[in-house]
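Written below as C-alpha cells is the structure these notes are about.
We just call them A, B, C and D in the order they show up, numbering each chain from 1.
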Amino acid sequence: MSGVATDRSWRTTAARALCSDYFVLWLCVVYVAAVAPFTPGFASLDNATNILATLLPLFVVALGQTLVLIAGGIDLSITSIIGLCSITGAMVMNDETGWLAHSPLAVPAAIAVMLALGGLVGAFNGVAITRFRMPPFIVTLAAMMAFSGLAVWLTQSKAINQLPAAFNALGGRTAIALGIACAAGVGVHVMLSRSLFGRWLYAIGHNARTAHVSGVPVAGVVISAYVCSGVLAALAAILYTGQTETGSPVLGQRILLDVIGATVIGGTSLFGGKGKVLWTLFGVLFLKLVDNSLNLLNLSIFTLTIVKGAVILLAALLDSLRTRLAGSHA
Amino acid sequence: MNATPSALLLTALRHASLVLFVTIIAVFGALAPKFLTADNAINVLIQSTPTGIVAVGMTFVLLTAGVDLSVGAIMFLSAAIAGKMLAAGQPLPLALGAMLATGLGFGAINAFFITRLRIAPFIVTLALLFVGRGLALTITQTRAMNLPDRFLQLGSARVAGVPLPLVVLGAVLLVAHVVLMRTPFGRQIYALGNHPANARKAGIRTQRILATVYLISGLCAALGGILSLAQLGAVSPKFGEAYEFKAIAAAVLGGTSLFGGRGAVFPGTLLGAVLIQSIESGLVILNADPYLYPVITAAVIFLAVLTDSTRHTLLARLNRRRIRQELPT
Amino acid sequence: MSTAAAVEFDGIGQSFSGVRVLRGVSFTVGASRTLGLVGENGAGKSTLMNILGGNLRSDTGRMILRGQPYAPAHPTDATRAGIGLIHQELNLFSNLTIAENIFLTSFPRARALPWIDQRTLHARTAALLRDVGLELAPDTLVDRLSAGERQLVEIARALSLDARLIIFDEPTTSLSARETGTLFALLRRLQSQGIALIYISHILDHVRQLCHDLVVLRDGAVVAQGPIETFSTPAIVSAMVGRNLTQLYPTRRGAPATEPALEVRGVSQPHIVCDIRFTLRRGEVLGLSGLMGAGRSELARILFGLDPCSRGEILVSGRPLAGANTRRRIERGLAFLTEDRRHEGLCLEASIADNLALASIRSHARTPLKLIDRTGWQRAISTIREAVRLTAKAEDTQPAQTLSGGNQQKVVLGKWLLASPSVLILDEPTRGVDVGAKFELYQLIMDLADRGSGILVISSEIEELIGVCDRILVMSQGEIRGEFSRPEFSSERLLAAALPRESPA
Amino acid sequence: VGLTACQKSEAPAANGGSGSNAPSPNGKPLIIGVAFETLQTEYWVASFEAIKADLKQRGYPMLEAVSDGDANRQLEQVKNFITRKVDGIILVPKDAKTCLPIIKAANAASIPIVLFNRPADKSAAKSVAIVADNFALTQETVAYLMSEAKKTGRKHKAAILIGDLSDINAIGRRDGFDAALKGNEGVVEVVARIPTEWNQEKAQAGLVNALQANPDISFIFTSSDFLFPSIVSALKSAGKYHKFGTPGHVILGGFDGDATAYQMLQDGYLDATGVQDVYFEARQSIQAILNLRAGKPVPELIRDPGFVVHQGNLQQKAAQMWGAQIAKK
C-alpha cells in the first residue's frame, strides 16, 4: 500500500517538475552534469564567463523574437538589423572618419542612432504586416535582404574599427553587458506578465479577430511588438559590436536559426499566444551550453553539426514526452 | 449585373499576380531587350527548376501548417552520396536512385519524429538540417567533388525538343496540382491545414497525411538536387545551402500561407520560383551594380506580396454576400 | 432487420485531468427509436457522444452496437460502424467547398482512378442540399456561409454517410423557425426509414416533438430515463437542474426610461441594409427578430463598427459616433456579443480569466507604465464568475476550450458585462445554453437594463424574444419591416412580418 | 605521399600525454589550437590539412574549431582554446577587424597567435600574420591574362565572378582585377560583374545569363577556382568551351590553384591561375609559434609571395601547387 503511495507522490513530483517553467533549466543542469566529466575545461569559472558573455547578446535578440512570436508573427530581419545598426553606430562614432569622432557626444549619439534605426526597421515591418496585411515571413525576409544589402553597400564591404573604448566596454565587459541584458530581460518580463500590452499581445496571438472585436488595438500592439524586436536587435548589435570592437555589416548574419531555435526550444509557440522570458532564457542557455561543450570536446566540424542536431532533437523529444506525461498526471 | 465595371475589376484582381509578373518582365525587357528573348525565357525557366521543385514539396508541407527546414541538407547529403558512388564507378541510374532514396529516407525520419513522437516540425527539421549537413560534410570531407560528364548531359538533354529539366518540372507540377486539387488526399491536406483537430474529428487519418507530406518534401528535395547538379556538374560544401528559405519564399510568394490550408502549386509556387529567378537573371543581363542585387530583389518581392495582399482585401470586399437586390441608381 | 438495440452504453466513465465528467453512464437506444438526451451545460452530453463517435476513449465502461461490442479508436471506426455525428461546435473547413466538406472522407472516385469524380460529387451534393433545404451551389466556399447555413451543411454531411445511427448535438442553435421546420421534416423521414437517432437539445419542446425516449444527465450521471410520455416538462427541468424551476423567463421589474441609449438614423449600406431607423431607450430590452439571412447580424456588426456603413448616423447617449472604430465605440459604452463565439468571441487556448478580462482589462491598467492592478483584476473576475454562474469545476487558469459550449457562452457574456456597457448588443445570446442557465442569463440582461443600459437582443427563437423584450423589431431583406410592443406580441404576427416580400416586378 | 607514412609512425604520439616521445623545445609536446573561419572551399581544406599534417609530423596534438563565417562564434572558440590552455593559436579570422578582440584575448593569456592567410588591422594587439596578397597576386594573374588577350589582337568582352561581397578576400581580388584593368580598357571591356555569394549555383546561373546577354564574351575571371565547374558547365551549354589555341577559346583565369584548376591547365582549357603556397604558409605559421615561444624575434608580417601558374610554366610549378598534389593523389 505504502509503495503505491510513494510511487504516486514520486510521480506527482516528477509531473510537477516536468510541467514547471524551469523544465529546460533542469535539462541544462542534467546536460552539464552529463557532459562535464568528459569535457576538459567545461566546468570552469573561465568557461562559465565565456558562456555568459556569448549568451547575453543572443538572449537580447531572442527576447524580441519572443514578443513577435507571441503575437503570432516572425521576425527574420533581426540579423540585418544587427549588421545595419553595427555599421551605422560605427560610422557615427569611429575615431577616424566618424561624423562625431572624438566628440564626447559620440557614444550616446551612436547608441541613440542605433536604437532608433532598429525601431524604424521594426516599425516598417509592423506597418507592412498590419496595414497592408502582408505575411510576416515575407515582409521580414524582404527586409532582411534589403537592409543587409544596404549595410554591405554603405560600407563597400569594409568593416569599421577604432571605436571609442567607452562604447566597446558596453559589450566587451561582461559585467556591463550582463547589466544591460538583465535590464532588457526584466523589462520584457514585466511587460509580458504585468502590463496591459502583454495581455493584449497574448490575446492577439491566440485569436486576433476576437481581440479586435473585444476592443484591442490590434495593429498598434503588433507594430509595437515589431518595434520592440527591432530595438532589442539594435541593443544586441551594441553588445556584439562592443565584443568584436568593430562595426561590421555582416555581424550576426548567421544567428537567425539559433535565435528562433533557442526561442522555440524554450517553449514559445510558432503559432502565437505562448511564450515567456524565462523560457527564452533557458532555451538560449541550453543552445549555448551545447555549442560550447561540443566546441570544447574538440569534435571535428562534421561531427559537431551532427551532434548538435541530435541534441536539439533529444531536447524536443523530452519536451514532447513531458507534455504527454503532464496531460495524463496533472 | 453582368458587365459592370466591378466585374472587369474583379477579373483584373483575380489575375493580379500574373499582371504584376508580366509588368516586372516588361520592365526588365524594356531596359534590356535581350531579356525578352525566347532563349532567355527558357534559361530562366531551367534555372528555376531546382527551386521550383523543392518549393512544390515545401508547399505540401506548408499546406499542413508545418515546415521543412531540412530540404537543403537533403539536397547536399543525397548529392554527396551520389558523388561518392559515381566516383567509385557505379552506374548513373543507381546513383540517381540512391539520391531519391536518401530524400525519401530523410523524409521518413522527419515523418517519424513529427507524427509518432509528436515533436514540432520546425524543431525536427531544424535538427535534421544539422544532422544532414554534418553527414554530408563527413562524406565529402568538405571537399568539392566534380561529377562525371554524364551528369551534366542530363541537364542539357532534351525530350521531344524540350529540355529535360523543364520536362521534369512540368511533370512534377502536373502531378502535384492534380494530387492537391483533384484527389481525396489533396483535399484532405487542405482540411488538415485548416484545422488539425477538426480534421481528426471528421475522420481523416491526419498522421498518415502528415507523414506522406514530409515524404513528398524529401523526395522533391532530392529531385531538385539532381536537377541542380545536372546544371552545375559539381558538389561543393555549400550545395543546397539556404534552400529552405528560398523554397519557403517561393511558396509564400505564390500565395501559400505559413499557417496552413491556403495556397496552390500552380500557378502560385511556380510563379514564385520563376519570379525570384527572373529578377536575378534580369539584373545580370542589365549588368547592375552587384551591391544592388539584394535591395532590388527585396523590393520586387515586397511589391509582389503587397499586390497580392491588396488584391485579397479588395476581392474579399467585392465578394461580400448580398442580402438585398439594390435597384440601380 | 435485427431487433438488437441500436447502441447500449454500459458504465461509461470519463475524467479530464482528475475531474470526473462522466460517472457510470448506462442506457440503451432502442432500434429505430429516437432518444432525447438532455442535461445542463457541462453535464457531459457532448463528451458521451464524442466517446461514441470515436473522438475520445472512455476511461471505463463499454459500448455495445447492434449486439456487437464496440470500441472505436478513431472517428473512422465510428463512420464504418454506421454512426453519423453532428458536432455541437461546427466541424467544417472554411477553405473547402460545401461538396468537399460533405464528402471529405468518402469522395466518389472516377472509375479505378485516384482522382475525384467531380460530376457525381456535385450531383450527390446538390441532392443532399435539397434534402436539408439549402439553396446553394455545391462549389460555394464554406467560408462564405452563415452559421445557420453551416449547420445545415453539417447535417447534410451526416446524411451522406448512410448511417444507421445519427447523433444530433444541438442542431438547431443557429436555425430560425423555417429551417428548423425543414430539419424536423427531414428527421421524421429518417425515423420512418428505421434510422435510430440521438437528439441533444436544450429546447425541450423540440425534444418532446421528436423523441420516443428520454435520458436526463446531471453532473455526468443518468438521473432519469424512460419513454417521453412519462415526463412532464417541469419534471424534465427539475431532473436536469436538480431543483424546481417555476418560470422560464424572469419577471421584469424596471421599465424603460425615456432618454435614448442608442439612436440609429437612416443607416444604409448598399446590398446589405437599407435605411434602418430606431431608438433604443435606456433600460429597454429591444428584440430584433427575422429569418436567417435577414441582415440582423450585419446590422449589429455595422452598429459596432466591424463592417462599413455608407450612410446614416448612429448616436450613443445622444452623441454621434461619427466613424469611430470598434475600440472607440467600446470606450463609448457599446458592447457586442457575437454569434460566432469560436472565432470572434473567445481566445480558445487562453485561460478563462484572460477571456473574461479581455474587454475591460484596460480599466485595470493604472500606472503610467500601464501595469495591471492584479488584485482589482482578480476581484473583478471572481465577481463576474459568480454573476454568470460559471460552473464551479472550472478553474480560472483552465483554457476556455475545455469548457462545455454553454459555459463558453457565459464566459463571453461575462466579458462584456465586466465592461459595464451602456448599450449591449446580443447576437443569439442563449445559443447552446441550458434552461437553467438561460434563466440566469435573462436575469443578468434584465438587471443590466434595470441599471439603465439599453439592450438589443437578436434571436431566432421567437418565444425567447417574446419572453424577455419590451419591444420587438422585425427585419427582412435588410429592412425593418415591423415594430411590435408588448401587448401586440404573438409568434404568428412576428413570423408574418419576417417573411420576405415578392421582389417588385 | 609522405604523409601516410608519418601518420603511421606517429600514431601513438597523437594521443599526447606525458609518455609522448615527440621532441619539443622544453620536452613536452605543444598543444596548438587551430581556428578556421570556414572549411567550405578546397583551398581552406587544403590549408587545414597542411597544418594538420605538419603538426602531426612534429607530434603536437591539435585542437580544431571552425566558426562557419561567424566572427562572434570564433571569439568564443578561441576563448575556449584559452580555457583549454593551448600553447599556440593559428587563426583564420573572419576579417581584419573582428579578430582584434581575439588577438587581445590571446595576448592577455600570453599565448602566441598567428593569423593564417588574413592579416589583422594595425592596433596595439600583437600577432604574426602569414599572408598571400590577394590584391597583388590577382593583379599579377589578370595582367598575364591581359597580355594573352592582347596577343589575339582584338577587343575582348569580359565577365568577372565576384565572391561574397562581405568577404575581405573577395573584395581584395575584385580590386586586384580592377587595378589590372586600368589602362587596358582598349583590350578588355567588362560587360558582366556577377555576384556569386560564393555559391556555385548563383555563379552558374549568373554566367549563363551573362552569356545570354553577351554571347561574345571571350574573357572570364573567377575570384576563386572552386567556381570553375559552374563556369565549365555554363560554357559547355553555350558551346564555347574550347582549348587554348583553338578558335573560339575563351580566356579563363582564376585564383587559388585547386585541383580542378590544375586539371584544366593540364587539359589546356585554363589560361592562368594565381596560386597561394599553402605548404609554405603552414610551415611558416608553426615555425612562427615555436620562435615566439623561444623568444626569438619574428616579423609581424610574413609574406607568401605566391605565383601565377599558366600554360607556359605549368610543368615547373606543379610541384609547388597544392591543387596538383591533391589531383595526383
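We adopt the following convention: contacts are C-beta pairs under 8 Å (C-beta built on N, C-alpha and C of every residue); 3 or more make two chains touch, one makes a residue touch a chain.
Just so it is clear, the structure is predicted and the values come from calculations on it, not from any experiment.
**Student:** From the C-alpha centres, identify the chain that is farthest from chain A.
**Tutor:** If we average the C-alpha coordinates per chain, C ends up farthest from chain A.
**Student:** Write down the chain pair with more C-beta contact pairs when A-B is set against B-C.
**Tutor:** Result: the pair with more contacts is A-B.
**Student:** Quick check: how many Å separate the C-alpha centres of chain A and chain B?
**Tutor:** 29
**Student:** Just how far, in Å, is the C-alpha centre of chain C from the one of chain A?
**Tutor:** Chain centres of chain A and chain C, defined by C-alpha means, are spaced 43 Å apart.
**Student:** So how far apart, in whole Å, are chain A and chain D when each is placed at the average of its C-alpha atoms?
**Tutor:** Chain A and chain D have C-alpha centres separated by 35 Å.
**Student:** Return the residues of chain C touching two or more other chains; collapse runs of consecutive numbers into ranges.
**Tutor:** none
**Student:** Can you list the residues of chain D that touch 2 or more other chains?
**Tutor:** 39, 165
**Student:** Got the chain B residues that touch at least 2 other chains?
**Tutor:** Correct list: 137, 142, 291, 293.
**Student:** Would you please name all pairs of chains that touch?
**Tutor:** A-B, A-C, A-D, B-C, B-D
**Student:** Show which residues of chain A lie in contact with chain D when the two form their complex.
**Tutor:** Residues of chain A touching chain D: 40-41, 44, 46-47, 50, 53-54, 57, 152, 156-161, 172, 240, 243-246, 248-255, 291-292, 295-296, 298, 300-301.
**Student:** Hey, which residues of chain D end up touching chain B in the complex?
**Tutor:** 39-42, 45, 162, 165, 191-195, 198-202, 204-206, 208-210, 212-213, 226, 229-230, 232-233, 236-237, 258, 260
**Student:** Along chain B, where are the residues that touch chain A in the complex?
**Tutor:** 65, 69, 113, 117-120, 122-124, 126-135, 137-138, 142, 245, 248-249, 252-253, 257-259, 291-295, 297-299, 301-302, 305-306, 309-310, 312-313
**Student:** What residues of chain B sit close enough to touch chain C in their complex?
**Tutor:** Per the stated touch rule, the residues are 178, 182-185, 187-188, 190-191, 193-195, 198-205, 261-262, 319-326.
**Student:** Which part of chain A faces chain B closely enough to touch in the complex?
**Tutor:** The touching residues are 74, 128, 132-135, 137-139, 141-146, 148-150, 152-153, 156, 257, 260-261, 264-265, 270-271, 301-310, 312-313, 316-317, 319-320, 323-324.
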